[in-house]
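Here chain A shows up in two complexes: once beside chain B, once beside chain C.
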Partner chain A sequence: MDPINGGQARIMNSWLRRWLFTTYHKDIGLLYFVTSLWFGFIGSILALLIRTQLSVPGNTLLSPGSYDQAVTMHGLIMILWFLSPLAIGLANYFVPTQIGAADLALPRLNALGYWLYLAGGLMAALGFFMPGGNANSGWTSYAPLSSAQYSPGPGPTFAFAGLILLAVSITLGSVNFLLTIAYLRAPGMTFSKMPMFTWFIAFTMLQMLLAFPTLISALLMLMADRVIGTFYFTSSSGGALLWDQLFWFFGHPEVYVVLLPAFGVVAEILPVFSGRHLAERKVILGATALIVVPLSYLVWTHHMFITGINLSTQEVYSVSTLIISLPFDLIILAFIGTMTRGRISLKTPMLFAIGSILLFIIGGITGVFLSSFVLDVVFRGTYYVVAHFHYVMVGAAIFGLIGGIYYWLPKMTGRMYNERVGKVHFVLSFIGFNLLYFPMFFLIDMPRRYSTYPADAGWTGLNQLATVGAFIFALAQIGLVYNLVSTVRSGPIAPPNPWGAETLEWTSPVSEQPVSTGRDDNRMGGSGLWDSPLRAVLPIGTPHQNIGSSTGPILGMGAGGMPGGGTKGDYAHGAEHQSSRPVSLGLAAVVSVLGIGLLQYWYGLPVLFLGGAILAWTLVGWARDDLHGRFSIDELLGQRWPFHETVKLKLGMWIFLTTEVVVFGSILGSYLFIRSQVPYWPAPGSIHDIPLGLTNTLVLLTSSLTVVVAVHAIREGNQRLLLAGLCSTFILGAVFMGIKGSEWYQLFHLENAFNFTAGLPASVYYFTTGLHGAHVLAGMLVTLYLIKRTLNGGFSKENHFAVENFGLYWHFVDILWVFIFPLFYLI
Partner chain B sequence: MLGVYLATVPPTVGIWSSLFNLYNVFGAIAAILVISYLVYNVVKYRRREGHDEAVEERGEEKVNWRKVLFTLAITSSVLFVVELQTFNSVPLIVPPQSSDPLNIGVVGHQWSWTFVYPNGDRLVGNLTVPAGRVVILNITSTDVTHSFAITGLDVAVDANAGRYNSLWFTAPDAGSTYTIRCKELCGVGHAFMTAKMTVVDQATFNAWIQSTGGKPGS
Partner chain C sequence: MKIATTLIVWVYLVTATILEVVIYSEFPGSTLINLSIGILAASKAVLIVMYYMHLKYEPRPIQYLILPPTFLVAVLILTLVFSVGH
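Let's look at the complex of A and B:
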């Protein structure tokens, strides 16, 4: 064999392995970063199509159908596949380094998050190529326009399924980040010293944790409507309003989800480039933690002022919306105050940060206008709203994040970007942006999502200004692309801490390799550089080296691991740090969603089965990896300090269960909403067999007892009793599922078949008990794994956190049933 | 002169635009103040060439509570004033007590508006109302969600299947016409889901409604 080609093939192979199988936070950060920019590019093309279409009245460049798809997917892609993931990319790269952690708490989960994000995005994009096109009901996907009746075809199904994958990815990510920030901070990195970017990512993750599960529930119900014909959102008994409520309960916190990371970036950049400390740091943190985060769940109805909700509801939500603008007021004034008496250096990152603040001022003030439910009668559904939220989402959020890209580029690449190009990029972006969106504040009578407009409406001039602005703004982004490419290729070598920043990430080496801390507990050194009163300026010059040691073993792999900070191309050595399971789960997701979307064709079902098979194969593989210790970095890095490992993993489980509570909270809330709207409901006992249901409840509750026995057994080190407990739990679970199955079977064969499409009561019953059943089934699979591991002697008095965590999960599933049973059988 | 002008402004427009003006005044002042503060800081404290950069004073980390409370006080009083005026503008949404309102049903469907008169007449795409009278529209939909808006009268409300929402207005001038639009994406015809509203005097209205077979609205 040709040795050169062979060598190249090997390099290629290791390159592929690195990017497909990596679980290392910096690599995943880069993957998110690059992928989100690509989605941003797709979203921008759609935006330019929209603006071109609206440049002249009566334009026929896009048909109304294509226009609706363009608007819908532009919104979805920009918010969910570009803006948030860009922030997650930066967070992946810099949060661990800012707090001195070697990686995120659960690296494989992090990789899985990325692959689900990509899988979802691919499915959403695929919708464009389906007969009938992509989703076309607006990014808000209002029902019943988004139902199978009004948006038929596989395209919208792909898009909604893609959204579910994305929402799952984000939920997993939020569990992971919260766990990391809670437990993996280096010694001495107290909350009061934690960098602002990390703080704001923590807030963002907290918001995601409570908001996205609602979206998951809503989308699952929508998919059930579309695929198996339930009636959640298609009934005229409040279906449309139910969607509004669920969507905006997610949707309003989501606007802070996109905004807060940018605030975090701005809060890093401002002090560094003003040569001062951040003013009123405690006020900023306090205002965000105490007002923005909690109150964001109590303002969603301001999106529904003209849906016909009653007056007092409008008044309450109008006031709560005003209250939430107060903390932003404090934050902005603190940001500006930071510059006072500073020595402001107007480098590109600072320019974008200042731009972000300035544009947020306009976006925020117009938000106050929108909070007036009387003014909103006219604003709602017009270009005024479009102008407002672009000032916030593009102006504040994207400008801030671009500032972050310039700020951290020298750290990510080790090279310096071109300052002049950066400045031109900023100036053109700023001019283009304002030309694009400011005119829209005057289009108060032009409804949004109009595919075209007549010449006599008087909207032409303003639309043309906006279109010119759009092209200037788009062309300006060539500056960003140029700077990214040329910096990586040929930028001059950057000093290790070019801005004289004080945060920890600037002391870590520029390296694409996982590096070790050389400490048992995988924390970056504890020398307390940030400990001095002013978090003293780091000794410039040294930071290309890790603070601890860059030659120690990797990430808890122990001696004999990969040489830290090794040369490029060595990556294959880090095989223990790689896992093929996350990408394989992503593939399973893609194939399954393909199958679901294509169920109307004969080949849909086989494809779905194939997806299921890949899923099963991967899960078995993942379990075997664990049984054989193949993925050998400790998943919770630094388990030894200062808590007992179980405590931490339990926290992870609790955070996860919080999302589950929100998922089922939304679903049971929907049930109550529907009951309040529907005039007729079958009397208790008339359809469901109460004694049978009661028996099943007892079966499930008994299984909680057997789990308690199992957990207690292994706490005492009694493996036999553990095995007995687990086996009985499995059997009781199976009995529960068996009874459930026979109930469903009987209902289906009633005289008036009570099946999926038998009306709202049936829809709600099957969906809720079905999802609960799926949770029981998942629990049973985990039990199997635990049984196998017990047989292998995998648990002991000291090492049994998996059992403890499973116990929590199982109790949750049982308690859930205690709520479901009376709601569906007794009242 | 001014009196004549005011008399012909529809009441809903009067309420909405004076509220909007109030918000604009406070909004513009706030924006100008805060943005000037920002720009002033940037210009004043910009690092100059040749300026001594060596020693940098990084400033205090202490919270200036007085400043915080002052900011909160100012902002909340402004917000209080404008919100109070919003609450006073509720008559835009709530129909006035009128001895003699004209009730008309509106049904939205993909992609047109049907108007149902008290006499049972159904007209597609054309709404005729008498000048100077309180008109109450009861709006619903037979399919997806639409949003009914009359451009130039500053009124709007959603049209949902299985549910009636209402709005009211009075159009002062006979002979004027308005465009009705849909403000909620409702499918490919969304941009074309318009209707025309014609204002006629009460006598013409009565004659017209009789000619279409029914008796004048009650």
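Let's look at the complex of A and C:
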């Protein structure tokens, strides 16, 4: 082989392997960062199309159908594939370094989250190229517009399936981040000393954790409606209202999910560029933790004031919406207080931070009026609302996050950006943004989502101003792109801490290289890093001489100058750090969703089977990795309050189960809602076989007993009893599934077939028991893995937490059936 | 946790399940009976969480973890069911 070409091939191969197989948090952060910017670009193109369409009355640039698709996908892409992932990118990169962790708690899960995010986004974008086009029912996907009847074709199915992948990705990510922050903080990194960005990411993750599962439930039901013909959201018995409730239960916290990371960035930038401590730090944290986060879940029906919900509900949620504005007043006052009497340095990050605050004030004040259910009747569905939420979600969030990009760019690249270009970027962005959205406050009588308007409506001038603003705002972003590219390529070398910031990430060297310990957990111990003095835990103003002192390497640095002790060359040589499983699972997701979307064609089913085969192959590979110890998982007790008595993965399982509570809570809640709305429901026993249901319940309850026996056995070190317990559990699970399958078969073959399309009772029965059955099946697969590992001698008295965690999952699945049985068979 | 406790819990779970069916068979369709069946189901869930999932023996922070989602689901269900009509 030509040595030069061979060398290039090796470099290319190494480069590809790095970005496809990486599990390192900085790499994943960069992947999120770059991908989200691309999605932002796509969303911006759609926005410019919308604004161009509305620039003149009676415009025919876009057909009404195309306009609907542009509006829908603009909203979805910008909120879910651009804004949040951009914040997640920064969080991936900086949260571990801010708390002194070498990586996230579960790196492979982190990589899987990215690939599912990308897979979902690709599927959503693919919809544009399908016959019939993409989803067109607004970013809220209101039912029944989002049903197969009104949004036919594979495009919307791809978009909704893509959303499910995204929601799963975010849910996994939130478990991972919370586990990291709870478990992997360095010694001395108490909650009271934790950086504000990390705090706000923790708040964001808490909201994601319990908000996205409802979206997952709603989307699964929507997909069931679209693909197998159930009636959740197409029934006249409140289907549309049910979607509204579930969607906004997710949708309102999502506003704060988008906003809070930006506030975290602003809270980092303000003190640094004001030369002062952050004012009222405890007040900011307290207000966010005690009011914003919990109350964000309790205001959602203010989006539904005009849907026909009763007055009492409107009153309760009107008050809760008013209350949630109060903590934001405190936060903004604290931000302003930080700048007051400070030595303000108007560098680009600071300009964007101030811009974020100013725009949030406008967005926040205009939002208060929407809490009134009287005023809401006037404002709802108008451009006033469009202006309000863009001031919050684009203005406050984007400006804050862009400030974060400029703030941390020297740390990410080791080079300084062009300050003059940055300032021009800010000025044009600020002017363009306000020119774009401020006129919309005066379009109070113009309904949103209309593809055009008549010339005599009096809206032309304001729309044209908005369109000019849109193009200025969009063109201004060339400044960001220029700065990103030129900084990476040729920016002057940045000092280690150009801003004189006090948080921990600035004490670590510029590096994108991973640790190569091949462990699917933090690298506690062994590197010396945990004995290092920590900059962040020292009082502000303490000299830096302790950093990197003789007591150990610089925080985040091992002996080789890399986090955890790796060396720069590790990446090429340390293949054990990489895993092909996450990207492979992403591929399986793409192929499976393709198959589901194309089921109406003959080739849909084979494609779906192919996706299933890739999935099975990957899961087997993942299990083999674990069995062969490629990614060993420490089962150490936590060392940080308040989880110092808890094993890390057990905490992870409990956090995961909280999301499952919401998933099934939403599904069972939907069942109860439907029962309360539908005038007729089959009497218990008239369709479902109660003795069969009883038998299945007893089988599942007994399987819980066998799991307890298995856990008890391995705690005593009894391998044979463990094996017996696991095998019994598997058999009982199989019996349960067999009985369930035979029951379904019988119901399908009744004289009046009780199949998927037999009405609402059938819809909720098959969907609920089907999803539960899928959980049982997943549990059985894990049991097989545990049996294999037991046979390999993989468990002992000291090393048994995988069995315990499986037990938690299995018992939870059991609990679900404890409720499903009486609800469907007896009541 | 002692194995005897495990068995006692299992006996309760089985007995309560059979009781649910017996109650339904004797008094089908009554709201009070439906409520009783619901309470029995909830008691089974609590026992599984407390004893089989060991929540009773876990540190406080883990015990508190389960409260927010349970509360939110309750709020969601109550709003779903009671937000329509007067």
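Just so we're on the same page, the second predicted complex is superposed on the first by the 756 of 827 C-alpha atoms of A that agree within 3 Å, B and C clash if a C-alpha of one lies under 4 Å from a C-alpha of the other, contacts with A are read in each partner's own complex, and residues count from 1 in each chain.
As a working rule, a residue touches a chain if its C-beta (ideal position, glycine included) is under 8 Å from a C-beta of that chain, and two chains touch if they have at least 3 such contacts.
Because the structure is a prediction, the values reported are computed rather than measured.
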(request) Please work out whether A:Ser486 is in contact with chain B alone, chain C alone, both, or neither, and reply first, second, both or neither. (result) neither
(request) Kindly classify A:Ser580 by the partners it touches after superposition: chain B alone (first), chain C alone (second), both, or neither? (result) neither
(message) Contact-wise, after the overlay, does A:Thr658 reach chain B, chain C, both or neither (first, second, both, neither)?
(response) second
(message) Output check: A:Leu241 vs chain B and chain C. Expected answer is one of first, second, both, neither. What do you get?
(response) both
(message) A:Thr52 in the overlay: touching chain B, chain C, both, or neither? Say first, second, both or neither.
(response) neither
(message) Applying the document's definition of touch, where does A:Gly308 land relative to chain B and chain C: first, second, both, or neither?
(response) both
(request) State which residues of chain A lie in both footprints, the one left by chain B and the one left by chain C. (result) 238, 241, 308, 311
(message) Help me check something: in the complex, which residues belonging to chain A touch chain C?
(response) 210, 214, 238, 241-242, 245, 249, 294, 297-298, 301, 308-313, 642-643, 645-646, 650-651, 654-655, 657-659, 661-662, 665-666, 668-670, 672-673, 676-677, 683-685, 690, 694, 697-698, 701-702, 704-705, 707-709, 712, 807-808, 811-812, 814-815, 818-819, 821-822, 826-827
(request) Sort out for me which residues of chain C touch chain A in the complex. (result) 1, 3, 6-7, 10, 13-14, 17-18, 20-21, 24, 28-29, 34, 37-38, 40-41, 44-45, 48-49, 52-53, 58-62, 65-66, 68-70, 72-73, 75-77, 79-86
(request) Flag every residue of chain A that touches chain B in the complex, lowest number first. (result) 63-65, 68, 71, 136-138, 142-145, 150, 235-241, 271, 274-277, 279-283, 306-308, 311, 315, 318-319, 322, 325-326, 329-330, 332-333, 336-337, 339-346, 354, 357-358, 361-362, 365-366, 368-369, 372-375, 377-378, 380-382, 445, 447-453, 534
(request) Please give the residue numbers of chain B that touch chain A in the complex, ascending. (result) 15-16, 19-20, 23, 27, 30-31, 34-35, 37-38, 41-42, 45-47, 51, 53, 56-61, 63-64, 67-68, 71-72, 75-76, 79, 82-83, 86-87, 89-90, 92-94, 143-145, 147, 149, 151-152, 154-158, 160-163, 165, 181-192
